[in-house]
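Next come two complexes, and both contain chain A; in the first it sits with chain B, in the second with chain C.
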Partner chain A sequence: MSHTPHTEGPETFADRVRAIPGGEHLEMCYSCGTCVSKCMIQQKVEPEYNPRRLLRMVMMDMQDEAFASPTTWLCSECDLCYPACPQEIHISGVIGAVKQLAVEAGYESPLEAVTVDEDKCSGCGICVMVCPYEAPHLIEKEVDGEMDTFSEVDADKCMGCGTCVAACPLGAVARPGVGNADIVKQIEVKRQPKGVPRLVTFVCDWCLRADDDVSLLESYPDNVRVIHIPCTGRIDPEMALMALRSGIDGVLVCGCAPGECHYKRGNYVSSCKISLLNTMLGQMNVGDGRVRFVQIGTQDRGRIRNEVDGMLRHLSMPQHLVAYKEAV
Partner chain B sequence: MAKAKSKAQAKPKLALYWAASCGGCEISFVELGLRLIQASELVDIVFWPCIMDFKYGDVEAMKDGEITATFFNGAIRNSEGEHIAKLLRAKSQVLIAFGSCSHTGGIPGLANFYDKASIFERVYDTAPSVDEDSRGTYPKVETTVPEGVIEIPEFYDHVKTLAQTVDVDYFMPGCPPVVEQIWAVLQVLLAGQLPDQGAVIGADAKTNCDVCPREKGGSGQRVSEWKRPHEVELDPNKCFLTQGVICCGPATRAGCGLPCISGNMPCRGCYGPPDGVIDQGAKLMSAIGALVDTDEPEKLQEILDTIVDPAGLGYRFGLANSVLSELKYK
Partner chain C sequence: MVDAARHPKVDVRTYTEVERVDGFVGNFKVQLREKSRYVRADRCNGCGECALVCPIEVPNYFDVNLAPRKAIDVVMSQSVPLLYNIDMDACIQCYKCVDACGKLEAIDFGIEDKLVWEDIGSIIVATGYDHFDPSVIPEYGYGRFPNVVTAMEIERLANSAGPTSGNLIRPSDGVSPRRLAIINCVGSRDKRFNPGCSNFCCMYGIKNAVLLKQAYPEMDITIYYMDIRTPSKGYEEFYDRAREMGVHFVQGRPSLITEDPETKNLYVHSEDVALGSVIEREYDMVMLSQAAVPQPDVDAVSSVLNISQSPGGWFMEYHPKLRPMDCPTDGIFLAGACQGVKDIPASVAQGSAAAARAGRVLHSDEWEIEPVVAMVWEDRCVSADGKKCGVCSRACPYGAIEYEQGKAAHVVTAKCHGCGGCVAECPHNAITQMHFTDAQLLAQIRALLAKDPEDKILAFRCNWCSYPGADLAGTSHFDYSTNERGMRVMCVARMDADFVYEAFRLGAGAVLFSGCHPQDCHYITGQPVGAKRAGRLLKQFEKMGMTPGRFRIEWISAAEGDKYARVVNEMQALLDSIPKEGLLEEIERLRPEMEKRARRMKEPPQVEEALGFADRLVEAMKAETPEPA
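For the complex of A and B:
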């Protein structure tokens, strides 16, 4: 099926969206709304978020409404909707085209972007390489008569996943309240009676789809500390080590299932980091399953309980049984 | 630090010592060359067993705080190192952990992957170079001979940094600290302008990337296979990470002047973690893990498997000072 480009008359908003790569499938939408039913943003953050409606706005030439719509800005290109769309429209591509026009028209993202502390930034470019949204880039700047390189973040592109914050070796990239020190401060679990393991659970804001899973986490007693992070890409192995160093018995990191990361690749990043950390703990003979990464799918309602309970059981097991279990 | 006020007044006294180290730190000091003669006019070297004939008794005979500053290189591997560390601590106004071994454990600290028993077994029993007749002959702290009892230092179970043994005033990183930094620190020391206690001296605050002239990575440039330096022909103008070679530069304090990187070899991390980083290896892996290419997620582990010995890489000079060591020996 091919769409029908306008060949006569003045250029419409829809024409301009179509002209941007990704926007060309606009016409194929017949407004079934399946995308909305798949969308985690609509369910968890913003009830007004609605890709179907945004696409209608474009087709109906409602430019200002489209530019001001939260849908334009909040889509993180997770593409959970893409396999569900009966018309196989790459919806995030269309939304991206609208966003590009909105930025050109002077609209700003409502999301709080990360900023770079130039007193700390070494200009290593790691944030540039790891960002799933191409938000950071390197700039040359004169400091005290000499040219120096710094990272700079394009606020309209930053989705706030924190992958760069965790990857930055100097803690130069951050957002107020979510710097490494802010998270490390939350790693605190009260002393427990003998035999009660202390666990820190980092949980990403998106992997628990069901409300009862979210409330379940709050219902654990105080030996389980739950720390919410935007994405598991935000995990820095140093945080896990700080937890273990403070006497906490285990660290559980919960992220989205493969292919379901809200920020495209944060769960892969996290899986790599935790795997490397576990290799290093193993090399030092202190790796006994104390740090674990689990990936919870959108269909895995109730699984978080099994994961937390399983981790607590593992941590309360005597060391010789841990060794036995790992050997067999 | 007291500044020499007049010629009649005694010159500041300097001591240099080596514990578990290779001697490279001493060589770096000697590399001062003619400047060493210049320095010897300003200071008295009262103890430097690697270069001149001093005895431990010379130090023991000194008053507490008599030495103005001690540059202590080497990690604490045995009871002798610990004894001298404590002795020099008492006799020195300023104690400087000089070089990677004393700062973060250095190469000797890699022994913390093992323990005393397995090291002894290898060195005195199973190593091919051990003479067949003496296999399994282990050193003992005390040995009785007809003339009496003789002693050798006790080998400890694991390697400690100087600061894990005694209070340290300043840390001067590097394997070895480069000669220009040594000269700069001597100037600061003699001028009585040392920073706050506990500071890292003779180095910068940021990382090597800050001064590295190589072309850095661009958006989305990630790595689908990690290679070791000898496995690839390295472009001398591009960031090692963009060439799939792990460089410790992003998690390593600047100050060395990039001798390795200028020689087209990636940074090995000897200058230790920069300001604000507690665990150098974990921090490096936080960056490396995020750089793994994820176009084919099922290949993640395969890609990670191309990183040979992550702990040895991330803690090449810092294992004794790492949180990993803390977890093992707490």
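For the complex of A and C:
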């Protein structure tokens, strides 16, 4: 009784996408472009990125173009677009369906995946737990005649947030460009005259939508060091401790608002880590808000200025300028 | 409006609500609540002295709360009739207005609401629409960012009689904006809020842009749109004119508005679909073209007037193409946006049409209806014995059946449209439909299945869709099985389960249950009533172990002659695929069950008699056509 389209004729590319859970409702798209401007990938990473066009390609059966499109590979399923879509299309679901078909067809992700150093990996499985994309999994392998467990990363699934890198207790997982060493060497603030607080700010690549806000960070004098990281999930509490030990007065971590994390739940992981760290610092008597985690929403234009200035004001208060290095 | 108020035959009742509507076309009894203004209509001359002295200010609803009004005031200065009105929620009863009114003595705090009954011949519903509240779309920041305003607010701000005397200023700092963005489709064409198109926003967005461009030629105005819809006469030319005047159009639905916390300027984030890239532009002010939505009290009005609603909440017309201003209930007519979003020319056209229709009622002494109305056998109705029932009254889409426990149900003939839903629903066979009585229909079934019933496909067709659909199959010369035997009822709602049981009891090979597509029902909700019953039957037959496909439900429109032929042929193919012995065995096996279920069908008057006639006729037919040797 119900009208089912596409029952006759050969199965098209669009039919195959539709058949995968998540790929439904594709045909409801009327190309309003809401998803394109809600997403930050086109502005920040890849001018060719365009979910609206990918959906169009699927509908027009442009299979090869769809598989080769950066949209297929760069979508991190943050689902910022989903609640804004007036047609209620789960766009990341459709993109995921295209990606699945592309992987089956032998295409590979152009993103650089994290790598596992098998000499260091103990097979503990923490990376498997923290990854929002189910990219790492444990494998059994024979080494020197004995069976041992290792983590292996599925390169097609890894989006490169680095949450696993921060979580690995043995430093066995590395992400090219933002390895522990790359970040640690940036934690350095020049000595300042008395009364000027020194601040390290970790900023996730996605929480600042406005270009003005990004360039604002560059305009701070050299008592504020800004370190860009792919996701606040990449923060290792040890980095904050390292900064405090080297005499830096405070650490500010800026991430996305709850529910808006570009890597699904990196901000949640880091908010847990930093609240635990603050509890620990409190027990060591170096609390007082020296490490602060702020979550900046997509509509919070200009908030970063308030947050950095507020942190600097907080750190300039007299009680904070006493030496605490001993405690650390 | 002033002319209407002065006309000797027009009685304008403002500030009055319809409480109850009884009766039927030409003979409505309407109860009105004349709400108390606390001002005597026969004395107030609209001088306004009272408002000048009133110390209380409340937000002015007419100015979209952008300006204050007094607790005693008129809605707007052009109100007809020009009567002042006290807002008792705000009034502190200082009686300064009473002193100001002086000798006129028009203000009387003792006046109460008045309930009056009126005899009314016909009713026109023109209750209009309401505006969608865009604050529920968080990404546009309405209510949070002061310079994001709605179209209605711009309308008041740019109006010379408005709170700013026509000077467009932005709310945050009172400065005239230099750059204005207009965002279309706010809350419309959006599955989250209103899936439908609001029809006139494209045009009023362009109109506002053109008016503002005329008043402020330097202003940079951009309209963000998904599609520009300018379908009526002269509209596309108006759109051209806006472009010629320098209004910018960007195809792309903005996903986000952000605000600079210092300047309170707004940044609109959108894709420019033509460029395929994201653009972020700074504006001083943003106007949201909000969707039109039904009035908040639409449910109350529809239950008072017994009008059904379309899915969006708009009042339902009799027929979307042929009778767009009529209600399914005779004597009630629809005008304007309460029936569905429409712009001014369309509303005027519909209003005029509704007035002409209403006039036709007022000028007739008699009102002609279809003769196929329902009738209650009062001695059979259990309600008369004091039992609780009312099934018929609930099944009637027109509210034509008056049900009161202790009295037999009563059909208001003038309201009945003859779908027959009540007849089939009545569990006690206490209602019948003129010209489609149980006796007549059962006799027809018997005659149609007189010979070799196991070869026959008995098709129940509704009068408005599947019967003409079958006609079309015939006039189009589509081949379909000659074993099909069609039977007409007014609506699927009339297709009693007893008829289907009886057909199978008589040994019918297959039964087709066909009617209109759900949205096309001629009798508002007849199709769903019939569809529900058919679904129940299908399940029963499945349980009994009937071969799937022998009972088939299909919705076939009057234009789907090909579908009718295809369905019948498919059913024939199914019958051909079942071995004859197997089919006969199945019919025999199910017969007692069918007999049991149809046991009450002979209860209504005349049925036995009619069946007797049918049987004699069948015998006579058999005698005339001897079996070929």
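Quick note on the criterion: the second predicted complex is superposed on the first by the 314 of 328 C-alpha atoms of A that agree within 3 Å, B and C clash if a C-alpha of one lies under 4 Å from a C-alpha of the other, contacts with A are read in each partner's own complex, and residues count from 1 in each chain.
Assume a residue touches a chain if its C-beta (ideal position, glycine included) is under 8 Å from a C-beta of that chain, and two chains touch if they have at least 3 such contacts.
Every value quoted in this text rests on a predicted model; they were computed, and no experiment measured them.
*Asks:* Is the arrangement of chain B and chain C around the shared chain A a clash or a fit after superposition?
*Replies:* fit
*Asks:* After superposition on the shared chain, which partner residues are touched by A:59: those of chain B (first), chain C (second), both, or neither?
*Replies:* Neither partner.
*Asks:* For the overlaid complexes, name the partner, chain B or chain C, with more touching residues on chain A.
*Replies:* B
*Asks:* Quick check for you: in the superposed arrangement, does A:238 touch first (chain B), second (chain C), both or neither?
*Replies:* The first partner, chain B, only.
*Asks:* For A:137, decide between first (touching chain B), second (touching chain C), both and neither.
*Replies:* In the superposed model, A:137 contacts chain B only, not chain C.
*Asks:* Where does A:258 make contact in the superposed view: on chain B (first), on chain C (second), on both, or on neither?
*Replies:* Once the two structures are laid over each other on A, A:258 reaches chain B alone.
*Asks:* Can A:302 be said to touch chain B (first), chain C (second), both, or neither?
*Replies:* The answer is second: A:302 touches chain C but not chain B.
*Asks:* With both complexes superposed on chain A, which partner does A:113 reach: first (chain B), second (chain C), both or neither?
*Replies:* So A:113 meets neither chain B nor chain C here.
*Asks:* Upon superposition of the two complexes, what minimum C-alpha distance (Å) separates chain B from chain C?
*Replies:* Minimum over all C-alpha pairs: 19 Å.
*Asks:* Both chain B and chain C touch chain A; at which residues?
*Replies:* Shared contact residues on chain A (touching chain B in one complex, chain C in the other): none at all.
*Asks:* Which part of chain B faces chain A closely enough to touch in the complex?
*Replies:* 112-113, 206-210, 216-222, 239, 241-242, 249-251, 254, 274-279, 281-292, 294, 297, 300-301, 303-304, 307, 309-312, 314-315, 323-328
*Asks:* What residues of chain C sit close enough to touch chain A in their complex?
*Replies:* 138-139, 141, 185, 189-192, 226-227, 251-262, 267, 269-273, 276-280, 553-555
*Asks:* Touching residues of chain A toward chain B in the complex: what are they?
*Replies:* So the residues of chain A in touch with chain B come to 120, 122-126, 128-131, 134, 137-138, 148-149, 163, 166-171, 233, 236-238, 240-242, 244-245, 258-259, 265, 268-273, 275-277, 279-281, 283-286.
*Asks:* In the complex formed with chain C, which residues of chain A make contact?
*Replies:* So the residues of chain A touching chain C come out as 1, 30-38, 42-43, 47, 50, 52-53, 81, 84, 86-88, 209-211, 298-303, 306.
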